[in-house]
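You will see chain A twice below: alongside chain B first, and alongside chain C after that.
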Partner chain A sequence: MNAPAPILLDDVSKWYGDVMGVNGISGQVGPGVTGLLGPNGAGKSTLLKVMAGLLAPSRGRVEILGSDPRRDIEIHRRLGFCHDGDGFYDGLTGLDFLRLSLRLHGFGARPARQMAGDALEKLGLTAEARKRIGAYSKGMRQRLKMAHAIAHDPEIVLLDEPLAGMDPVGRHSTLELVRQWGEAGRVVLISSHILHEIDVLTGNIMMLSHGRLLAEGDIHEVRDLLSEHPHQIYIECANPRALSSRLITMDSVQKVHVERDRPGVMLETFQPDALYQQLGRIVVEEGIEIELMTSPDDNVQAVFDYLTQGRTEEGA
Partner chain B sequence: MPVYVQHYRLWAGRPTPRWLRWTVITRYHLTQLFAGKGRVALLLLLLISGVVHFLFLMLIYINANTEFLAVWGLPPGQLPRINREFFLNAFIPQGFLCGLLTLIVGSGLIADDRRDNAIPLYLSKPLMPLEYLLGKFGTLAVFLLAITALPINALYLFEVLTHGGWAFVKANWQLPLGITAFSFLITALCGAVILMASSLVKKGALAGVLVIGLFVAHNILAGILQDIYKTKKLMVISLQFDLFRAGLWLLGVRAADSRAVRNIPFSGPEALAMILIVTVVCWAVVWWRIRPVEVVK
Partner chain C sequence: MSATAAAQPLPSAPAAPRRVALRLAQVRAVFGLSLRITLRGKRIWILGFIALVPALLPVLHMVLVRLFTHVGRFPPAMDFFKNVVSVLYLHVLLYVLALACGLAIVSDEVEDKTLVHLLLRPLPRWAIVVGRWLSTWLVTSVVLVGSLIALYALSWAAQQEFDVGRRALDHFNLTILALDCLVFVFALGAYLALFSCVGAWLPHGERWGVVFCFGWESLITYLPARLKWFTLMYHAQTLFPHKVSVNKLFSVWGEPLPKLTCALILVIVTVVSLALTVWNLKRREIR
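Take a look at the complex of A and B:
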């Protein structure tokens, strides 16, 4: 029998008066990194706050490690939340802020000091540990928020737009850190409205739009399920015209287009697996040297665009 | 990554007792208050309070050693009697200091968290909203009880040890309970009012202004209503009269011993009920205002 998922959502809805935050969201989040994606106003922050027990769902049920986070207060010891707001005491140093947080989590003075130092080190803030938070830059404040979320070494980490305001180097190191947390066996749910940020981090996604869950699971599996949209495949080779003339004869290929500005062929197919098999044969028979093969629409942005296309058209 | 290389393990240490966790907030605020700019004002108020208590202590001492009066050429009859009303009188200057301390210590307790958007930081921890409020209230309670319950009970003890002896204890055994209960009543009322004001605004100074405004306004209202209805019974609206009357009752000051009891036309339980109603209403407002997420509609 499978163990229950660490995060379980059952028909979760949240309304702010007449305004819908999220509506009827069901799903589960398991160990590793999962991206919570959607444009601004999609309901990502609301959903994370409901998961963190900061907001009560208007309808439905949230279970974190088998408990309701609003009833079982102790579950917060195993849950780290990096919220989207900028909530700090500017007069405190980064170290004191984390120590206060850890004491509230129930750690004694000594482990709190040790763990606060460790968390600051992980986020590259050791040199700034004794500076007042008021003197921190936006990127440093973001990293401190992340340190705050993981300082107590939680099993589940909820990160709400943690990359906002970070410089490219900070983004890269933060993404690497998030990847490590996921690989270590933690459950990490990271939200972003910049889809390609998450694309490089994980293929596991929850996609929201207008408060509704559009898709959940592995991005490639989600893409395969979008059967009304043919897969786009770009093949770069020395002789694209020869390749295209062979491709057009294949049943699995819907459309072939020789690119003008680059030496390659863009094709569309509803049967990518069959195509890949046949392509191998063509390459051997024709002696074509393929330099690059990518699927431009097998990524988070493309899937999101496909999923929201119908909705936008309906809206229009 | 395969499960066997996943190294994450939950911290296996022993957490601090759950029922003590709110004290982290109190200790944090106390540290901040004495590290901040307002520490001079705080220390000055505590010093004044100490001086006042020392004067009361001297009165007890001189009562026990009347030969000092002869040295100064004063008649012994001018000394106040050390009775229950004496201990209530010890509360009067402290009441004023309690008001100032409440404004200095309490006004920013929640307002600053609202300004800094820090409430979610607390409530995303294993901490209930009630514990959060307890931590905030505890900060103020430390100061208010330190200038009321602690020193006035110490005065009682001093009287017993230097003058009254066993006979005083026998006649006034319930006085320490009354002093303690009255101190907690003052603390609960001050805490409720200032935390309510603090929860309504995002600047500590505004909370202070709000409390002063409420204090002045409700006393003016009490005066106007008394004039309109020609009855002193409506003094019950004034919280300072209520506190005084409740203090007389809790400390067991009898009407026969005190003109104040005869002058106030409502009973101790009535005053206590009024204070409790105001306290409960203020706490209800605070409870309603403490939300981890502010919803802007």
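Take a look at the complex of A and C:
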């Protein structure tokens, strides 16, 4: 029998009066990094807060490591949450804030200080550890929140828009850190409305829009399921016209277009697997040297656009 | 930024069997955090300054007597002390401290959006409330008791200035001062607990608090029958080792309740108020 997933959502809904936060979300999140994607107002923060026990679901059930996070406070020993708020005890230093937070777990003075120092080092805040939080920049406050979320070494880390307010260097190093947490076996759920940020981090996604779950799972598998949208493939080579004349005769190809501003061909197909097989034969027969082959719509943004476009049309 | 240590094991959390010790350590941690935040905030220092004002009344009185009368006269220090205590400390300063700090026990954390940091820790909600209430109680008690001691010392010094010799020393009664301080601290604990509950449950808790202190508690003592039992002030006043003004004036409405009963009622109000505050925190959602 398979072990239950660390995070389990069963028909989770949350309303704020008449306003819907999330509606009927079911799914599970396992080890590694999972991206929680959707535009602003999609319900990402609400869902994460329900998972962290800060909000009670109006309907449905959340289980974190088999426990209800709203009832079992001990789950916070194994769960870290970087939330979207910006409230801090501004009079404290970053080190004191983390150290005192760890004392709240019941850790002794010495381990709390060591763990706080380690967490600040991981987030690149050692130099600012003894500065008052009130003097921190937005990016530094964001990193301090992340340090707060991971200081107690949790198995599950929920990150709500952790890159907001960070400079490009900070973004890069934070993404690298998140990737390493995922590789180390932690369950990391990271939300963002900037889809390409998550695209470089993980292929495993949960997509939300208007409080509903649009898609869940591997991005490429989700893309393959969108059968009404042909796959776009771009092939760059020295002789795009010769290649396009062969491609147009193939049954698996719907449309071929020679690019004007670059030496390549853009094609659309409903049968990418068959196309890749036939393409190999053509390349050998024609002696065409392919320099680059990409799928411009096999990414998070394209999938999200397709999914939301479908919903918009349904709505209309 | 280094991420290489992400998978390194950190010291593990304390084991569950040591739960009582753990909970006490957590209350102490909340107490320490809250104390630090309170002492670094402006509010308590402003209140400390306000609390000094009634303590300086003997000096003001002395200066006025010197300036405007030919024959210097200062009332007995103990009488002066008791009057100022029953008028300004009991009916103004106690309320001001309890309102300003009691309401903030939960509502400050909510308004500053810092409550989330506490709720994301494996802390029982009661530990949050008790830890914050204890630290607020300690700080406000230090302010109040400090002011009372200053008032007492200055009253005595003022009388000494006019009434040199043994008569002033005869009035020097540290037991009264100590008992007054104890009653104030005890009553302050009950008021703080009550207002923490008001601040947690009611929006604009300060308005309700002002209505309670300067409306209900003040007016009800002028009404007959036992309505005054439904004030904290009545029970606090009963505990004083000396008569305070309102008691003296309204003792016609019947014999006061026994001191032990009044003390018990204050304890019950404290416990129930704190329990209601904990309940609010358990239900609270952070959007």
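The rule we apply is simple: the second predicted complex is superposed on the first by the 313 of 316 C-alpha atoms of A that agree within 3 Å, B and C clash if a C-alpha of one lies under 4 Å from a C-alpha of the other, contacts with A are read in each partner's own complex, and residues count from 1 in each chain.
Quick note on the criterion: a contact is a pair of C-beta atoms (placed from the backbone, for glycine too) under 8 Å apart; a residue touches a chain by one contact, two chains touch by 3 or more.
Since this is a predicted model, take the numbers as computed values, not measurements.
When the two complexes are overlaid on chain A, chain B and chain C occupy overlapping space and clash. In the superposition on chain A, A:Phe81 makes contact with both chain B and chain C.
In the superposed pair of complexes, A:Glu176 makes contact with chain C only, with no contact to chain B.
Once chain A of one complex is fitted onto chain A of the other, the partner contacts of A:Arg103 extend to both chain B and chain C. Legend: residue contacts after superposition of the two complexes on their common chain; A:Asp118 is shown touching chain C, with no touch to chain B.
When the two complexes are overlaid on their common chain A, residue A:Glu155 makes contact with chain B while staying clear of chain C. Of the two partner chains placed around the shared chain by superposition, chain B is the only one that A:Val19 touches, whereas chain C remains out of contact. Judged by the touch definition given at the top, the superposed model places A:Ile7 against neither chain B nor chain C. In the superposed pair of complexes, A:Leu195 makes contact with neither chain B nor chain C.
In the superposition on chain A, chain A positions 16, 49, 52-55, 73-77, 81, 83, 85-89, 91, 100-101, 103-107, 111, 148, 152-153, 181, 184-186 are in contact with chain B in one complex as well as with chain C in the other. Residues 16-17, 19, 31, 49, 52-55, 73-79, 81, 83, 85-91, 100-101, 103-108, 111, 148, 152-153, 155, 181, 183-186 of chain A are the ones that touch chain B when the two sit in their complex.
Considering their complex, residues 1, 3, 6-8, 10-11, 13, 15-16, 18, 21, 24-25, 28, 32, 36, 112, 116-128, 292-293, 295, 297 of chain B touch chain A.
By the touch criterion stated above, chain C contacts chain A in their complex at residues 1-7, 9-11, 13-14, 16, 22, 25-26, 29-30, 32-33, 36-37, 40-41, 112-124, 285-287.
Contacts from chain A toward chain C in the complex involve residues 16, 49, 52-56, 73-77, 80-81, 83, 85-89, 91-92, 96, 100-101, 103-107, 111, 114-115, 118, 121-124, 148, 150, 152-153, 170, 173-174, 176-177, 180-181, 184-186.
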